[in-house]
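What follows is a pair of complexes built around chain A, which joins chain B in one and chain C in the other.
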Partner chain A sequence: MSLHPMIAALRKHKAGVVLIALQIALTLAIVCNAIFIIYARIQNVQRPTGMEESNLFLITQQWVGAPSGDDPADLQKLDAMMREDLNVLRSMPDVVSVTPINTLPLFPSSWNGSAALKPGTDLRAGNARTTFYFGDEQLLKTLGLHLVAGRNFTAADVTHRGFRDATESSIIIVTKPLADKLFPQGDALGKAIYLNGGNTPSTIVGEVERLQVPSVASWASGFVWNSAISPVRMNINFSRYAVRTKPGRLDAVMRAVPSKLYAVDAMRVLDDDSVKSFKDIRADAYRADIGMAVLMGVICLILLAVTAAGIVGLTSFWVGQRHRQIGVRRALGARKIDILRYFQMENLMIAGGGALVGVALAVGLNRLLMSKFEMQSMPTFYVLVGLAVVVVLGQIAVFVPARRASNVPPVVATRSV
Partner chain B sequence: MLKMTHLSKVYRTEVVETYALRDFNIDVKEGEFVAVTGPSGSGKTTFLTIAGLLETFTGGTYHLDNLDVSNLDDNARSKIRNEKIGFIFQAFNLIPDLNVFDNVEVPLRYRGMKALERKERIMGALDRVGLASRAKHYPAELSGGQQQRVAIARALAGSPRLLLADEPTGNLDTQMARGVMELLEEIHRDGATIVMVTHDPELAARAQRNVHIIDGQVVDLAEDPRFHSAYVAAAGQVRG
Partner chain C sequence: MLAHYLQLGLRSLRRNPMLTALMVMAIGFGVAASMITWSVFRVVSGNPIPDKSEALYTALIDNRGPQYNNAGNEPPEALDYDEAVALIRARKAAHQTLFYNIGLSVMPEGSHDLPLNASGYATNTDFFNMFEVPFQYGGAWTAADDDARAAVAIISSDLNNKLFGGANSVGREVTFDQHTYRIIGVTGHWDPKPRYFDVFAGMTYAEPPDVYIPFTRAIDLKIDTSGRNNCGGAPVHIESAEAWLHRQCAWIPVWVELSTKADAQRYLDFLTAYAAEQQRAGHFNWPPNVRLRSVMNWLDFEHVVPPESRISLFVSVGFFVICMVNTIGLLLAKFMRRSAEIGVRRALGATRREVYEQFLMEAATVGLAGGMLGLILTAIGMQGVSLLFEPEIARLAHLDFSLLVMAIGVAVLAALIAAFYPSWRAAQVQPAWQLKSN
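And now, the complex of A and B:
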């Protein structure tokens, strides 16, 4: 089928052609970028934290009338209260392990700083940004982290300190990505690093395979896997405990925990949100991402539907307008398939032209989003998929009116109206 | 060339059957120029659409160029229309979005002809109708007579075995009509078989043979007692 007469005919309908091509171009540009954003969000949502996430929950509780922990006597009292809680929780029959902890991956609370190879390094000049987790010798077991080098903490390694005490631990366990970032030669074990611009060295005694930072926001995307674990019980007037249960016993233990803790000390606040499974923490953390992905997906579908409707509408209009012309073509020897192909090819040309403009728009939009919203560069694959989608959509959309056109009988050519 | 035997065409609705053609018989020999006349609603156009395989018929047989075309499928009918039949319509039926060259090219493209041969045929046909210089013009830029000449060129370009003309001068003034008629006569002299439907007795008289259709049947006006006196009067007017 030669394109020349088709192009000549399309030239006579410039307005409709340009409008539908522009609609296709805009759809392609928006859909490509939206799919890329959706995919990036889904990848974020699906990435494992490095923990064994099942049978894990977090308790956040606050003592009523507890001291601030600013003086040594109060600190001892707070630590005693915490250890009492830990003892009770660890004595529960379905509990595997418990650790005091300041936060968990994906939990909306984090303690971020830097790790440097030299003492007194300015925070921003540190060798790596990192998130700090504080816990005791049961932290690795409770979170289900995989120790890939060195050793775990022992009970003797664990210290306790107040919230405002800036003393860093003498030993530390880091994630492998952080270790590799600080020591690219792979010899981090036994090396000293300096945390938060301090002068006290912390010796790396172990490496865990992976532990995600709490924040899922874009500002933390540069150090998602840079975590450091200090053997510290942080004493303050509230506490968090991560609890691992026996398989299948999570709900039962979560239900039993408040009464156990109230039995230790009734002067505390434990509300509905205080005992939360990690599954719920994950759902909360990514609710906005999932919502955004769904919203963008719906917008994409609506856009594609509107574009398809536009193609159907324009082609139907053209079929009606060319009804007699189609009959003449049939009378002159065109088969039904020739008429069908004519409209399919005509749409392919319009969609192809629109798609080429759309590719340029898609790349331009991606560049704009990169500059304004820290979006990643969109791989060519997405543009190609978008291009294929709009072209196939066009062919599907045009099929029904094109088939209607192919059914115009040749006898129409002889009718005067 | 064209032979219909006991052919009928019935339009059926839920409540009524209408015979457009009934026991219709015609035999057009190769090289003949036949004018088909008759009053409005007599079945002239139905005959032409069936002859041109634009429509199917209900009963009887139809042989075109010694081929029984009674039970052909749609694709086969399209192929025969494309290769054996040239159409000249009353309303010209040029495609307004295409220029003269592209209009004449339409049936040749459906034949899958090579570009060089297409070009030769198109320019040859346009030359024959005296419009070679207007190849790049669009239909709207031509007079009615010129548009009909383009339509004739389109019909001729494919070297059809049979030319079917449906009121070819119906939309033209007298002078343009005369030019188109002379062109058809010239084409006939060159050996073409032409069947022309017309209601104009003057044009019909210029054909080799007249076939009259009344109420969907071919009648001999001179012999049929229903029309004998009217025929004699009309023939006298034409001769006068």
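And now, the complex of A and C:
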């Protein structure tokens, strides 16, 4: 088939051709970038935290009129209150284990600092930023962490201290990424590190495979897997407990918790958000990411539909306009398939031209988003897939009017309208 | 004549239902997508205090040293206790306030209810005047109360409803964390969004505050901040409660009111002089590093508009452009299909201008129909906004009258703009050629 008559015909419809090509170019640019954004978000959301996330929930409660924790007697009183809560929670049926804890991965509260190889080292002088989790000997079991080296804490390791006490614990468990960052030779076990620029050493007694930091914000993205666990019950006027239940018993235990705790001491604040399953904590943390993925997905689909509709509309118009010419061609011996091919080919040319412009636009848009929104560079793969998608879309969209054109009977040529 | 064209337009919509439906849908979806994202953007990027946003400034001083600062050597986003109190005592601005977040438990009196949690601020008298807090009963405490470290409190109407059934509770007593306070005022509903003065603690879109007590009183009672305490990774060596108070961490925002640019410049000079004085005294061993940021400058600096909102606005505008291009193509097809009709009209004496007007009017009817569809889709989409944004932001975005008018207006305008070229082409139709070829 010669392309010459086709190009000659298209030159008669410059505006229509340019509009379709432009639309395809813009669609390609936006769809590529949107799919890339979706992919990046989904990848972010699917990161495992390192915990076993099912059958796990978090309690946050505040005591009314609790002692301030500034003098030793007050501190003992606060700690006794916490241990009483722990005993009650641990004695509940269907509870596997409980640990006091300051926060959980993905929970919007965190305690961040640094870990260094030398005493008194400033954070910015190098070494690792890290987040701290404070819990007791049941923390690893409750969170379902995988110990890959060394040992867990024992009950005898666990100390307690006030919120304003900056003493660092003498032993610590770190994540493997943090251990490898500080000791690239892989011999972290038994070594001493210094936390928060302090002068007292903390010995690494164990390594867990993985434990994410609480914050999912961009400021924490530099140390997502750098966590350290201290065997400390932190005594403040509020407390948090992580609870692991037997499979399938999560809801029942969560419902029973408030009355159990009120029975110990009614002078405390437990509100709607106080007992929260990890599933909900995860959903809240990634709400924006998932929402963005859904929005982009919906926009992509509608956009492709709108573009397809535009192609159908304009091609239908051309078919109607060339009704007689098609009849003449048929009368002169063109087969149905030739007419169909003609319109398919014509669309391929327009879509191909549009797609080439679209590739340039897609890359440009990606650069613009990179400069404004901390986005990464889009791999060529996305552009190629986008290119294939819009070309195939054009072929599918043009099929309906093209078939109608191929069904124009040759006799039309003999009629005058 | 326009009415007649409108009628013709409506009739023509019915003639090509398929093509018309495509155009209406393209405009409808385009309008809905941009209206939904715009409604969210409008909420998050608005000026929370338009009459004063150029007069309120937050004062920042580097109190830790450049090695702990972030890129660009920006000082911490709030002050430590010593610097904050020094600025308030200096009284170099018309008004000055300092505050930190508190979360107190409160026991509803005389009932068997369980304790509630009330969050709010420990602050000084200028807070209420500077941030334009409305009062339902009573008023703010005085500077004398601040100096006397008085046990007074201001509560929100919401908390007043819970504790006192909404009655005028001024003069009554309330117990927070087992300390008694005398209520001196009840605020009216007050919830500026974004909460520009408390971006530091991440309370930008939080629930409205419920309780305010004097800063001096809160310090006496050693009430800890329930907000952010940022030590920036600097070593914290604290041996006593007194040392805790003077820790070199950022936790207290300070705001000042300066009515003219000259005042602001003078205040900036004062801050620089203060930091230089600290350097001379040996407290700071780095040169003065201070900032004075106005409300909008501060919101911009803190990236208060969430990136989700910006990206989605960006994408929706792109989406809308594609819908417009699509509409231009379809209108062109629709109008050119009627070349014969145009030829007849022109031959019968219609001017190009009249043909032009007729087709623009027809496009406007398409725009109107698209706007209607867009409104329905916007209303549906609003339900889904909570999926995309934090619930705190989502509940602020709603379909109001101005958005309604805007949706219809944008749709009609878009259709008219889209119709310029196709209508021009229609008006160019040569009557003789059309009549001959048929």
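Following the convention adopted for this analysis, the second predicted complex is superposed on the first by the 413 of 417 C-alpha atoms of A that agree within 3 Å, B and C clash if a C-alpha of one lies under 4 Å from a C-alpha of the other, contacts with A are read in each partner's own complex, and residues count from 1 in each chain.
Assume a residue touches a chain if its C-beta (ideal position, glycine included) is under 8 Å from a C-beta of that chain, and two chains touch if they have at least 3 such contacts.
Because the structure is predicted, anything quoted here is derived from the model rather than measured.
Asker: Kindly classify A:370 by the partners it touches after superposition: chain B alone (first), chain C alone (second), both, or neither?
Answerer: A:370 sits against neither chain B nor chain C.
Asker: According to the contact criterion defined above, which of chain B and chain C contacts more residues of chain A?
Answerer: With both complexes superposed on chain A, more residues of chain A are touched by C.
Asker: Let me test your reading of the model: by the given contact rule, A:309 touches which partner, first (chain B), second (chain C), both or neither?
Answerer: A:309 contacts chain C only, not chain B.
Asker: Of the two partner chains, chain B (first) and chain C (second), which one does A:129 touch, if any: first, second, both, or neither?
Answerer: It touches chain C, and chain B stays clear.
Asker: Quick one: classify A:392 as touching chain B (first), chain C (second), both or neither.
Answerer: neither
Asker: Tell me the contact category for A:325 with respect to chain B and chain C: first, second, both or neither.
Answerer: Touch status of A:325: first partner only.
Asker: Answer with first, second, both or neither: which of chain B and chain C does A:333 touch in the superposed model?
Answerer: It touches chain B, and chain C stays clear.
Asker: By the touch definition at the top of the document, which applies to A:301: first (chain B), second (chain C), both, or neither?
Answerer: neither
Asker: Shared contact residues on chain A for chain B and chain C?
Answerer: none
Asker: Within their complex, state which residues of chain C touch chain A.
Answerer: Of all residues in chain C, those touching chain A are 18-19, 22, 25-26, 29, 33, 67-68, 103, 105, 107, 114-117, 177-178, 222, 224, 232-238, 241, 244, 306-308, 310-312, 314-316, 318-319, 321-323, 325-326, 328-330, 332-334, 336-337, 384, 387-390, 421, 425, 438.
Asker: List the residues on chain A that touch chain B in their complex, please.
Answerer: 1-2, 4-5, 8-9, 11-13, 324-325, 328-336, 338, 409-411, 413-414, 416
Asker: Within their complex, state which residues of chain A touch chain C.
Answerer: Of all residues in chain A, those touching chain C are 15-16, 19-20, 22-23, 26-27, 29-30, 34, 37, 62-65, 68, 70, 112-114, 120, 122-125, 129, 163-166, 196-198, 262, 266-271, 287-288, 290-292, 294-296, 299, 302-303, 306-307, 309-310, 312-314, 316-317, 320-321, 365, 369, 372-374, 417.
Asker: Okay, in this complex, where on chain B does chain A touch?
Answerer: Touch list, chain B to chain A: 45, 48-49, 52-55, 74-75, 78-79, 81-83, 87, 89-91, 93, 95-99, 102, 105-107, 109-111, 154, 166.
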